[in-house]
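Notes follow the structure.
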Amino acid sequence: MTFLTYLISGLALGSVYAIIALGYTMVYGIAKMLNFAHGDIIMAGGYVAFYAFSKFGLPSYLCIILSIAVSTIIGVIIERLAYKPLRQASSLSVLITAIGVSYFLQNAAQLMFGSDTKIFPAMLTEGSLKMFNGQLTISYLTIITIVTCIIIMVGLTAFINKTKIGKAMRACAEDKGAAQLMGINVDTTISVTFAIGSGLAAIAAVLLCSTYPSLSPTLGSMPGIKAFTAAVFGGIGSIPGALLGGMLLGVIENLTKAYISTQLSDAIVFTVLIIVLLIKPTGLLGKKENVKV
Amino acid sequence: MNPVLEVKNLGIDFGGLTAVNNLDMEIYPNEIVGLIGPNGAGKTTVFNMLTKVYNPTRGQMYLDGTDIEKMNTVEVNKAGVARTFQNIRLFSKLSVIDNVKVGMNNHFEYSLFDMIFHTRKRNENERLIEEKALDLLKIFNLHELKDVEASALPYGAQRRLEIARALATNPKVLLLDEPAAGMNPQETEDLMNTIRFVRDQFNIAILLIEHDMSLVMNICERIYVLNYGTLLAKGSPDDIKNDEKVVKAYLGD
Amino acid sequence: MKNIFKNLFSKKNLSRTISFLMVTLAYILIEVMMNTVGMSRLFKSLLVPTCCYIILALSLNLVVGISGELSLGHAGFMAIGAFTAVIVSGLTLTTVTNDILRLIISVAAGSIVAGIFGFIISVPVLKLSGDYLAIVTLAFGQIIKSLITNIYLGIDSKGLQMSFVTNTLNLEGGKMLLSGPMGATDTAKISNFTSGFVMILITLFVIYSMINSKYGRAIMSARDNRIAAESIGISITRTKTLAFVVSSILAGMAGALYALNYSTLQPAKFDFNTSILALVYVVFGGLGNINGTIISTTILYILPELLRSLQDYRMLIYAIVLIVVMQLTNSAKVKNYLEKLNKKFFRKGAAE
């Protein structure tokens, strides 16, 4: 039974990773860039929800909507100001810019909100579900997290496959030049991608902070790196890959913490990643690219 | 005389599609041979198999009697096959002379120890490399541009540099993939002379893919014609010119 | 004599000459300043770390700029070099009493061990390419940091003792060399600015020897065009391994120098941010550009320290500098303007 508990909380953690990984994977798929500032959008989303709830006493659903709205706006502004002028630049220049944006967000947050750790309120739900005569306890938060992740996955897949803008996104991911010639507005498409990724980051932020209720300016870095790893794990650019990678990462991390060692969990997670990449060099669900000679 | 390069029943499939099939080919020492055919006939694919960029699905390949089928690209070059590429592949950030020098890497040995401590062995080898590289550049009239970054060269010069680089590896067989593409008639004329000169000077066999028929008919001693991945005809330029099947393949029905 | 001079300033060797001149002049200038007008404590404390980061950035430039592979875990090799040096220096504290000799031994050990790890890691890393290679280097960096954080190593009359994850050592007298997350404590400070300067010279010497050799050309050819390099008989794995190993040796040297400059050092120092910082130095200096790397590292390392008076705003300013410089260096308008300026300048020069 304890194994099941760890497994389920691992799935919840994995759900958060998966939601964040979606942001990485979509942006990578379309703009071919590693958006290192993505983790810090989570942090921004966390602070917005925190202040909306604790200082202004807004109801939870409004806090979440506000958090999503602000994160989305920040994401789009970053894309427009910092990344868009670098469309033609080398990927390393873009990477450094993303690092700069990441530093900027962290330090701006530190100036605005202070560097102290804030306790994130239980804005979603409290209590838990007891099963098998109390042998298995699952918090409602865990259930909400996993369900949210599944809804997002289903919704996003439908969005990508069914809507016009979703098809435009797939076209841009395939070939930006050709997409442009077909009358697709590439800039708008990329902006929409950033908007969706950032909005999802806000949802992840609320879920993450509710599970681990401490909020600081560097909150986003480690989950950011982990989620990025998850994205690569599943095959970067692939949406089901992000789900699979995130879930696996969360489960592995939780189980190693429970059964092997808390201190070594990071080392083990990254070792598994390396092994996976050696067996499947483009991730679990990644596509192989052919070079024409 | 034994062929320097011999290919038997060579074929490759991509997925379900057969790109090249049943190809037999012999290249004799000191020969210039043309490989022609309509677009998509599989000419470059043949080059890619010969240099093991692609793995043939079936067939045998021998260089001087040695089986090169099991080798990788690097080993095939060491065995004596060098090539150029249809879409030029130079080391764009390296200088012109360094592009040629790197081709000689397997022929001049000195250790990392020699490298760090600038031993006499290293200096002597580097001097020889420099000398030989300059000689090669002179043949292709590139010596005055030796310190220019390769990407800054005009198109025609880039094509010539690629040939020089391939020659630097001391090949027995040189594969040229559309060497005259994008050149004007004067440049093409010069190139033809250079190719002949190279063949005589280095005593090598040359197999070339080319769309410029005047060039092919002019310098090739024998020609292979590919169509839809299979051999359509082979023979002297005159045979090929008068071959009905070839004319039909090029002009359509 | 004239020939040597001409050779030093020829187009091919100019960059090398400038590197050595620049570094030596900076060293002399700083030494003279220290011995005459004096120097603030803060500035003095920055000297050795600056040397370390220059070496680290140069070593990373070998992988990113010259070999063309993105590494996001270079701080890991620095960490290996650092803690190996600390251990060796601690072990030889009583046997090798001459500080300079002990420094040399420790740094050499740190470099070699980092090089060995570099080789072991390069085997899986170089099977991948592009962003996947980058993420695996990131992963290795994290693993190395995480492992060192869990090592407890001590020495007493019974010899060397080690435990993993939890500290189970029961030392009779003796001393701890590594204490898990606390890292090294009570290290003898034996590195100084002069040793830093010498190690920069060694690094430059190694890198320039490499670039101007068959090995360097092979590495750069594999960077510029993989398929073409293979077609002329260059083994990609072999050349990339060479670049990776030499780079990790140099990074290990940087770490060793760094560690022996402080009495305490925590493994957390060598985290992802340090790897990224080194990458920022390299990109700012220009990929493959050695002088650029030296200058950008010096400026970017010292800049936040000089901004200390601005306190909370300094990292914010740093971030803005990063973003703005990237925008400017990639802007077509700025490039055109610079080109015009260049032409103007040269035309003037020609007219005179």
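Per-chain residue numbering starts at 1, and chain names A, B and C are given in the order in which the chains are listed.
Here, a residue touches a chain if its C-beta (ideal position, glycine included) is under 8 Å from a C-beta of that chain, and two chains touch if they have at least 3 such contacts.
Because the structure is predicted, anything quoted here is derived from the model rather than measured.
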Identity of the chain that, by mean CA position, is farthest from chain A: B
Two chains sharing the most C-beta contacts: A-C
Whole-Å separation of chain centres (CA-atom averages), chain A against chain C: 32
Where chain A and chain B are represented by their mean Cα positions, the distance between them in whole Å: 49
Centre-of-Cα separation between chain C and chain B, whole angstrom: 42
Of all residues in chain A, the ones touching two or more other chains: 293
Sites on chain B at which at least two other chains make contact: 53, 85
Where chain C touches two or more other chains at once, by residue number: 227
In the complex with chain A, residue positions of chain C that touch it: 64, 70, 124, 127-128, 131-132, 134-136, 138-140, 142-143, 146-147, 149-150, 165, 227, 272, 276, 279-280, 283-284, 287, 312-313, 315-316, 318-323, 326-327, 329-331
Residue ranges of chain C in contact with chain B within the complex: 11-12, 205-206, 209-210, 212-215, 217-218, 220-221, 223-225, 227-235, 242, 288
Chain B residues within the chain C interface of the complex: 51, 53, 72-74, 77-78, 82-83, 85, 89-94, 98-99, 101-106, 108, 110, 112, 115-116, 118, 122, 125-126, 129, 147, 165-166, 168-169
Footprint of chain C on chain A - complex, ascending: 28, 34, 82, 85-86, 88-90, 92-97, 99-104, 106-108, 110-111, 221, 225, 228-229, 232, 236, 261, 263-264, 266-267, 270-271, 273-274, 277-278, 281-283, 291, 293
